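Please go over the structures that come below.
Below are two complexes that have subunit A in common, paired first with subunit B and then with subunit C.
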Partner chain A sequence: MEDIVQIQEKIKQFVINTSYVSEDQVKNDTLIFTQGIMDSMGFISIIEFIEESFSVTAADNELIEANFESVQAIANFVLRKLQSV
Partner chain B sequence: MNSRPQRLLGEALEFSNKNHPEKTAAIYKGKEYSYSDLRECAVNLAFHLVNSGIEKGDRVAVFMNNSWSSIVSIYGITLAGGVFLVVNPQTKANKLNYILNDCGSKVILSEGILMPELLRAMEGQNEIQEVILSESKHPTDDENFEFTDFEEIISKRESASLPVIIPNDLAALIYTSGSTGFPKGVMMTHQSMVFTSWSLIEYLRLTGDDSIILVLPLAFDYGLYQLIMAITIGGKIIIEHSFNFPPTIFKQIEQLKPTVFPGVPSIYAMMIATHKKTGIKFESIKKITNTAAALPAEFITDLKKIFPNALIFKMYGLTECKRVCYLEPELLDLKPHSVGKAIPGTEVFLRSPEGKPVPPGETGILYVRGPHVMAGYWNNEELSNEMLKPGLLPGEKILCAHDLFKMDDEGFLYFLGRNDDIIKTRGEKVSPVEVENSIYQLNGIKEVAVIGIPDVILGESIVAFITQYDLAKFTEKEIQQQCIKSLEPFMVPQKIVFLPEMPKSSNGKIDKSELRKIIGAG
Partner chain C sequence: MNSKLNKPFSKDILKFENVAAEADRISVRIKEDIFGLVKRKGAIIGISGGIDSSVTLALTVKALGSDKVIGIMLPEKDSSPESKEFALKLADKFKINTLEEDITGALEGFGCYNRRDEAVTSVFPEYNPADYKMKIGINQSGLNQFLPPVFSLTIINQDGESISKVLPVREYLQIVAASNFKQRCRMSMLYYHAERLHYAMIGTPNKHEVEQGFFVKNGDGGADIMPIAHLYKSQVYQLAEYLGVPEEIIKRTPTSDTYTAEQTQEEFFFQMPYHEMDLIWYGMENEIAPEEVGNVLGKPAEDIKLIYNNFIRKQRTTAYLRMPPITY
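What follows is the complex of A and B.
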């Protein structure tokens, strides 16, 4: 299983590639939705990305901003899901 | 009920407060605020602004995310006799600086989280006398930076006397993209905005029982009028920052049961995608509205499933008169491609480029007549004269929308296209020149041409064509990264096409119609 740093890095690269921001504009704790780096279409693409890359499916009650607000939050969420399997 | 008619924007709040002070006016982040809360806070702010030297007609900028503070700001400024302008919180420093200089705002209301951008925008600004900050806990590096605390101002009463305003006075400037690459401030008077709000309330059949959920920015006139309508009818507004994280909005709708959902096609597309996966359905919603880009006819079936109890309003407008027309929801299937007829109390007609009347079924330029038409652009007579033309009566002005329409024999309007370069994407206007200028800042770019091409979801998507000098080898991503430094996210081109040579017309100008052919949209 990948460790948290690897997961974070993958997600960060995905966010950078799907948005227009550069490497230095996305830190692990940057609030990607609040700051408008990702919009509603970006949200759908993140859900699809974690499904494809980590086989993690978010349940309805897990679709809360706290789980997706930053690269770090998404990585923590993915790791929790992977560990609970 | 009041026996006095509403003449000024701020009177809507006064009247609704008088009629039902305890009723909920706004919900923000789970907290409910009554009409008396809103009035109290707005009056406190108004008194402070007057004591700070704001006089009738002075411009006051609001650079905030949608929030309780932003709605208190709008009503506080208007009660103080000031002219409010709401700036999109995603605006970058250079454009914000331009807007602040253009309108000569003396006071700016903002919030802590936006400080970095605001500080950069204020460099070299000396007209600004006071910065009022909401949620100011985010520190700045500059210890000498002075600001007043918003929350403190709205919680205590100073003494002052408010100026007398009349309906002809300016109420707001609404900045919109212009073909010159610089935004223009659309001047709206109190009488114009009061008239428009009642016209919209009438055809949308809104009542005091309605509750509107706002996910659109207040800087966008479509968003701003949701607030104005809610307060005017004594209804409720549920304020959200944006639609960026849709599950939050879906939960809010389920919990708070709003009755009105104003959206744009990109929002509806996202909802339809979610509906197909999870079957989301919102039964509380009685009305949904769409403007900014045409609602694709194929969306209607799915929207009826998501909002089984809702009337669907298709509308069309431009900031210069707020709204032009709407289609009665009962006619949706009968006139699937029409955007309807003029809003109540106004009229529209089509003319040829030579100014002659156009018969039914033929293409013409749209003209709009009514009290909703802007007073002009702030500080820009030349551009005002391009839009405002002599009307039917001596001295009267009517609005030339520069949009091409046809009208059927029953008077229903059909949008055909624009006759200028402005791109409309995600409901926002984008000036190609502004995007081109941003890309030209990169060293090694030879020529840039930006166009909009039809897109089902966005209305138009933005494409930039670029030629480079030999050595420079930029990638699509690098161009987009350059754009995001100075432009709002919706202005960044979705596609970059690198060409060895720009197609030119015989007079040496870049031939945009040739570019359309290259991309297959010609």
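What follows is the complex of A and C.
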């Protein structure tokens, strides 16, 4: 299983590649939606990305800020889900 | 569009003190703009039997007279039959001529239904348009957060049993793109008649639709004049009462009338009742403290703050819809 740093890096690269922002604009704790880096399409893309890359499916009630507000939050969510399998 | 009113925030802040004066002001502008600016000799309006197109029509008739306004009904195979019934009542009330153009054939030609159903089937392989109805809507849990909305697809079988799933990007985009043929077809047909008669095309979106991006670019967002684009929904209703729009239309719940399953606009996009949305939007655009708005609506300030953020995000993410083409 990948560790948290590897998961963060994959998610960060995905955010950078799909949002067309420069690398230095996306830190692990950057609030990617509040700061306008990702929009509605970006959110759905992230949901798909973690499903394809980590086989993690987010249930409707898990689509909350605490799980998706930043790269770090998403990575933590993915890791928690992987560990609970 | 910021419309600061110089009075304390209250539930009635958006209520016109003199609704007749506002109706007069708008109808004078419609007349001046059609004859003076657009230089056309009448007006074409697509009528759906909904409140916005009804008020727009009533204002235009007030401006130009019944003989210079034509209402066009543009049903297609997914339209509710109620739409035509109400549109005809409206036409009767305001004594205008109507035309009916069924756009189903044009939409079939574009592949609107097949392209939409192909995307639905890839999410729900059991979906068959003959046996199921479908709709898409915003995931409600997103409203009170900083997260953007997620759209869900729902299919309903003949026994009324429904299943929903969060829509993947590709399918979401295909369903929306295919469905948008409807508004773009309507716009083309309305302009056909407008140009044929040398009339202006009058658009019907209200303030929320324009500012939150609840319209199709070059579809229902395409018109020569939009007389109610500055009005909050509660103001549209106030004008409807004043102008004598038929009661059944005023009482009708606003629907999207786009997908095969019935769906209110609140469920599809806005996520809250219009009277609350009006007041919170007013508070947001006039920078009224969330505590003050919350006190009036009986909601925690934190909730109001989150809704402000949700509105700001919607405005930001839909800005491109309101942009004219970029030129160099």
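One rule holds for everything that comes next: the second predicted complex is superposed on the first by the 85 of 85 C-alpha atoms of A that agree within 3 Å, B and C clash if a C-alpha of one lies under 4 Å from a C-alpha of the other, contacts with A are read in each partner's own complex, and residues count from 1 in each chain.
FYI, a contact is a pair of C-beta atoms (placed from the backbone, for glycine too) under 8 Å apart; a residue touches a chain by one contact, two chains touch by 3 or more.
Everything numeric in this text was worked out from a predicted model, so none of it was measured.
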item: Which superposed partner A:S45 touches (first subunit B, second subunit C, both, neither); value: second
item: Partner chain(s) touched by A:D60 [first = subunit B, second = subunit C, both, neither]; value: both
item: Which of subunit B and subunit C A:F33 touches, first, second, both or neither; value: both
item: Partner chain(s) touched by A:Y20 [first = subunit B, second = subunit C, both, neither]; value: first
item: First (subunit B), second (subunit C), both or neither touched by A:F68; value: both
item: Intersection of the subunit A residues that touch subunit B with those that touch subunit C; value: 33-34, 36, 38-44, 60, 63-65, 68
item: Contacting residues of subunit A [partner subunit B, same complex]; value: 17, 20-22, 33-34, 36-44, 60, 63-65, 68
item: Subunit C-facing residues of subunit A, complex; value: 31, 33-34, 36, 38-45, 47-48, 60-61, 63-65, 68-69
item: List of subunit B residues in touch with subunit A within their complex; value: 90, 241-248, 266-267, 270, 273-274, 278, 477, 480-481, 483-484, 489, 492
item: Residues of subunit C touching subunit A in the complex; value: 139, 141-142, 145-152, 166-169, 172-173, 309, 313, 316-317
